[in-house]
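Next come two complexes, and both contain chain A; in the first it sits with chain B, in the second with chain C.
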Partner chain A sequence: MTDQSAILSVRDLTVDVELPEGPARIVDGVSFDVRANEVFGIVGESGSGKSIAMLAIMGLLPGSNMRIARGQVLFRGRDLAVLTAQEMRRLRGGELGMIFQDPMTSLNPVLRVGRQIGETVRIHHPDLSKHGVEARVLELLDLVGIPNPRRRYRQYPHEFSGGMRQRAMIAMAIANDPVLLIADEPTTALDVTIQVQIMELLAAVRARTGASMVLITHDLGLVAETADRIAVMYGGRIMEAASAQALFGAPRHPYTVGLLRSLPELHRSTESLYSIPGQPPSVRDRPSGCVFHPRCGLSNGRAPCEERVPELATAGASHHLAACHYSDETPQWR
Partner chain B sequence: MRRRSWPSFSKAFAIFLLVAVALLIVAAPLLPGYDPYGQNLGIGTLAPFESADGRFYLLGTDNLGRDLLSRTSLAGRVSVLVSFSAVLVSLVIGVALGLVAGYFRGWTENIVMGLADLQLSIPRVLLLIAVTALLGSSVVNLTLLLGLTSWVAYGRVARAMALSLREREFVLAAITQGASPVWNMRKHLLPNVLPQMLIVGSFELGQIIVLEASLSYLGLGIQPPLPSWGRMVSDGQTYLEINPWLIVIPGIAIFMLVAGVQFLSQSFTSESEIDLDLARKRRT
Partner chain C sequence: MAMNGATPSELLRVDSLRKHFRVSKPHGLGSSTLRAVDGVSFALGKGETLGLVGESGCGKSTLGRTIVGLHEASGGRVFLNGRDISGTSRRARSFERREMQIVFQDPYASLDPRMSVHEIIAEPLRINGMYSRERVAKMLTAVGLQEGAATRKPAEFSGGQRQRIAIARALALDPELVILDEAVSALDVSIQAQIINLLKALQRASGVAYLFIAHDLSVVRYISDRVAVMYLGRIVESGTRDEVFGSPQHPYTQALLSAVPRPDPARRRASTRIVLKGELPDPLAPPSGCGFRTRCPKAQAICASVTPVGASDPRAHAVACHFPGPLESSSSSSANVPQ
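Right, the complex of A and B next:
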């Protein structure tokens, strides 16, 4: 199922962590493709492994106790595992841009914003003159909708509001015309009206540069509005992957069904929101077979769920994948 | 209230002392009759405020009849030059090693901190005596040696700060934008640790001055004919009964400079939030 038009191809990515009580698998056999010009959403709750998977792709696993156990990451046809540290650095911030969750802490408080953005430019264009860098930064500030860029250029991060800082972070991420943007919960730390503005800005920026984007989030509403295709992660694995329309319209994995059911709805008044019974599994003791089976209403204690790990397989439509032994039964069950 | 008024008083006192020392070393050479080397054996060990041969000696003369004001002034220049340069040398070494240790962690950190412990396990004065005895003593040697043996305070504080700074998101953000470790240390860690390093430096400066004076007193520091406060005290000891001012004047000069530097450093410390315990552990 290798996709020729894919910009980023992840195959069987597996990340192990060395814990005091023994090794554990945080990301388990994750595969997906991000195509040119599309927004690929990765949805999952905290601890589902979505952020670790992205850090692994960028070669930035935190700490020495985590390592990629197996799998392959192809970025524009190049295998990232064989690149040297220097080649990886050239890639990051160049063709690969990243936007973080918390713009409050992602800017160095003692450096002027203009200089900080300028450094991203200078890392990748060391021969550019001082004026060239400044002109580029002012252009970027303007591009991300920061009013009065000349004044803002000289200000420190504490003089910026949260939304402004996230705009500055986006300016840094797009400074070198990336082909792929990885946005790790870009709006989680912002309030709702600013969220909309930031997502609109990202859409506008992508329309200009034609960059693809991986949007990592736990916000189903956000991903529904923005993403073309979505992967749902749970317990370090992809549970279901489909186009946004198919995923929200006809989910085939019981976990996705549970997630959607737990969303509040405008036209339905409820005393309490639905929640999937039980707790997400800890990395230390993930259940055997399907990681979701102890909480699954569809499984109902059937043996295969407990014994065999379900493959991510076609369910229903041709590009709709679900990792469930009984994905055929899901439509009736829900 | 009391917390606020104390630092401002000690700061004013510090500034007063430092201005006085600055006047001594900057303004005294401008006076007529400035001559730190000219000997006149006929008028040796004059007391302060005495005149001889038609000249007024504000601080008197030493055993060779040299003007004590001129000598104290020149000695002050040497002391200040040596101690500031030594602080600069140790600051550069300490910050570089500390940032590297804190940023890379692992075996790099173990080596650097092992070196620091090794350094602490040998008394500094003993080490300096041994090395100057081997290499001989010049102003440059002395500066480098004082600098090389004093980096631990900066190294420890810089490492401690780097340990927390490296986990900050702006460092990760810079890495995702393609920054190398050297770039991160230079652009993101250094500006964050520099103010604190200057405070550690001001605290170290006083100790370096005393250390330089002690070495010179022992005859291992500044070599004659260049005057130094420590040397002046040891030379003056012989003439203690004839003219105690020969010891008292350089002693007061040392006190004024060191006390001024220390009080100023204290008020910086209480104004910032730096934990100087790390640096203080190294007192010899």
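Right, the complex of A and C next:
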């Protein structure tokens, strides 16, 4: 099952959170591989566990109340669990570049942008002279399409627009030629005309460096147009994983089907829109068996859905996985 | 939803509406004027939905707030059922408030956390002497909440459920117009679909008209009868939803529609996307002439000197552009839709 060519290999990742009322499982047995040169999309609604899973992978779980309960993360064959905190820090900003939704929270507001990017450069190239670092930063600012890099170098993050801050963030993420970029909702705070610019920039950066990318998003349109393969998360688990074409063309999990049918279309006028009944579960009271069963139209109250957790197993084509007891019925039901 | 063909009778008319803000410059260097809404005109028929779209900073939310009287207009007029309500005092405006309600994006901020759901919905009814226990119960049912919800506080509900409460409160007085300001923007896809369908069902039942302010173009296409696109305080294009989405004529509308990612993996290989250069200009120092010219692929000298205006007929397909026209490539038109 382990893919030899994988840059990142995640197996059975499980994260527990300590709540006042007791422990709860926020990410539950997540496994996937990210291959060389590909974009792997993780799509899910809020509370699906997609961001927590990625924070766990990067060793950035917030607070002391969350911990990895079990699972393994291999980055280029290395087990990240055995790395020290310092080694993890060197990895992030080095081989592992990170881009978050809100650069305001990841950029230091009291440091000039040029200096912040320079720090990242310096950590990985301690032998570089002051001028060498500055030249590299100016080159990076130019590369990510920030006009007037010399002036921008001396400015603070608040003097940048949202789109420009995201460009600065990307400059920092690619400063040390990462082999993997992790982008968590990188354009969610931006307007669509700016989103297009940022996604084009990320594509150009990847074309240049050959870096793989994990794109975490709630936006089904964005993931369809960007990712090669996609995992759909719900209630802390992966519900379905397949190539972008297979996932959007022939989804096998009833949740994926419901999500796609809930999307209003841009390119034609429609008069009615499907909506999945009910509410997504909170981490406190996740349903037994299949977490989606109380909202599932295909289950229709069948006992196994309530009793047994479905394995993420082959459905239809060989690289198409779905965690559903009745995924063979989905094509007819859909 | 309004029927096709016959024009519904006019409910709201906005005529050259302006809302300018004085913004002080840093270091006490005087002040400048932010023209958030700069001469906007449109009409909305009874029972109709007008979608108002645009990116952040275009003035769409300020426009909505100015119409309901949360901001005082700097110029222009607002007519509701033919009455000029733009000059009326705050006190007199409360009468119109009964006919006009607004729902905001964030139901966490707009519902009083100390009140029970029953009290939240009952409050506007009490103020207007229309309260009855049955009426509150009826509203709860109408928005798909259980009767047991009445005694609970907003904090006990999810975002989607809170938005249902806010909608119940807004519709309790049976208003003729509800302004929905990014009312579904914060919701997840599966919940968003529920709320949009709820809004449509309530409209069918009550004949309420919506001014639906949003940045999500797909949602706007689904819910709207008519659509207006805003950029830097002005409407650049308006028409029926099929006119604006099916054959957009303004270069900004075309770029906006082309920028929206679609749930179709085949589309990425099509190199038809329009990528606008640059960002929104500083609204404190907007370009002369056409506000969009600094990013427009079609801009010529006249665009800097003469501000383009659209057709004056509020129900026409109006385009405020010196060089309107269909897209060169037909790939993003509604004609070739992959199933």
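The working rule: the second predicted complex is superposed on the first by the 324 of 334 C-alpha atoms of A that agree within 3 Å, B and C clash if a C-alpha of one lies under 4 Å from a C-alpha of the other, contacts with A are read in each partner's own complex, and residues count from 1 in each chain.
We adopt the following convention: a residue touches a chain if its C-beta (ideal position, glycine included) is under 8 Å from a C-beta of that chain, and two chains touch if they have at least 3 such contacts.
Worth saying up front: this structure is predicted, and the values here are computed from it rather than measured.
On the shared subunit chain A, the superposed partners chain B and chain C are arranged side by side without overlap. Once the two complexes are overlaid on the shared chain, A:Ser106 sits against chain B while remaining clear of chain C. Once chain A of one complex is fitted onto chain A of the other, the partner contacts of A:Val196 are limited to chain C, with no touch recorded for chain B. Looking at the shared chain after the overlay, A:His218 reaches chain C, while chain B stays out of its contact range.
Shared-chain residue A:Arg92: touches chain B; no touch with chain C.
When the two structures are aligned on the shared chain, A:Leu128 is found in touch with neither chain B nor chain C. Of the two partner chains placed around the shared chain by superposition, chain B is the only one that A:Met172 touches, whereas chain C remains out of contact. Which of chain B and chain C touches more residues of chain A is settled by the count: it is C. For the pair chain B and chain C, the model built by superposing on chain A gives 14 Å as the shortest CA-CA distance. Shared interface residues of chain A, touching chain B in one complex and chain C in the other, do not exist. Remark: chain A residues 45-46, 161, 163-164, 191-197, 199-200, 218-222, 224-226, 244-245, 248-249, 258-260, 262-270, 272-277, 279-280 touch chain C in the complex. Listed in rising order, the residues of chain C touching chain A in the complex are 55-56, 158, 160-161, 188-194, 196-197, 215, 217-219, 221-223, 241-242, 245-246, 255-257, 259-268, 273, 275-276, 279-280, 332, 334, 337. Partner chain B is touched in their complex by these residues of chain A: 58, 60, 64, 86, 89-94, 96-98, 100, 102, 105-111, 119-120, 123-124, 169, 172-173, 175.
Contact residues of chain B toward chain A in the complex are 106, 168-170, 172-180, 183, 187-188, 191-192.
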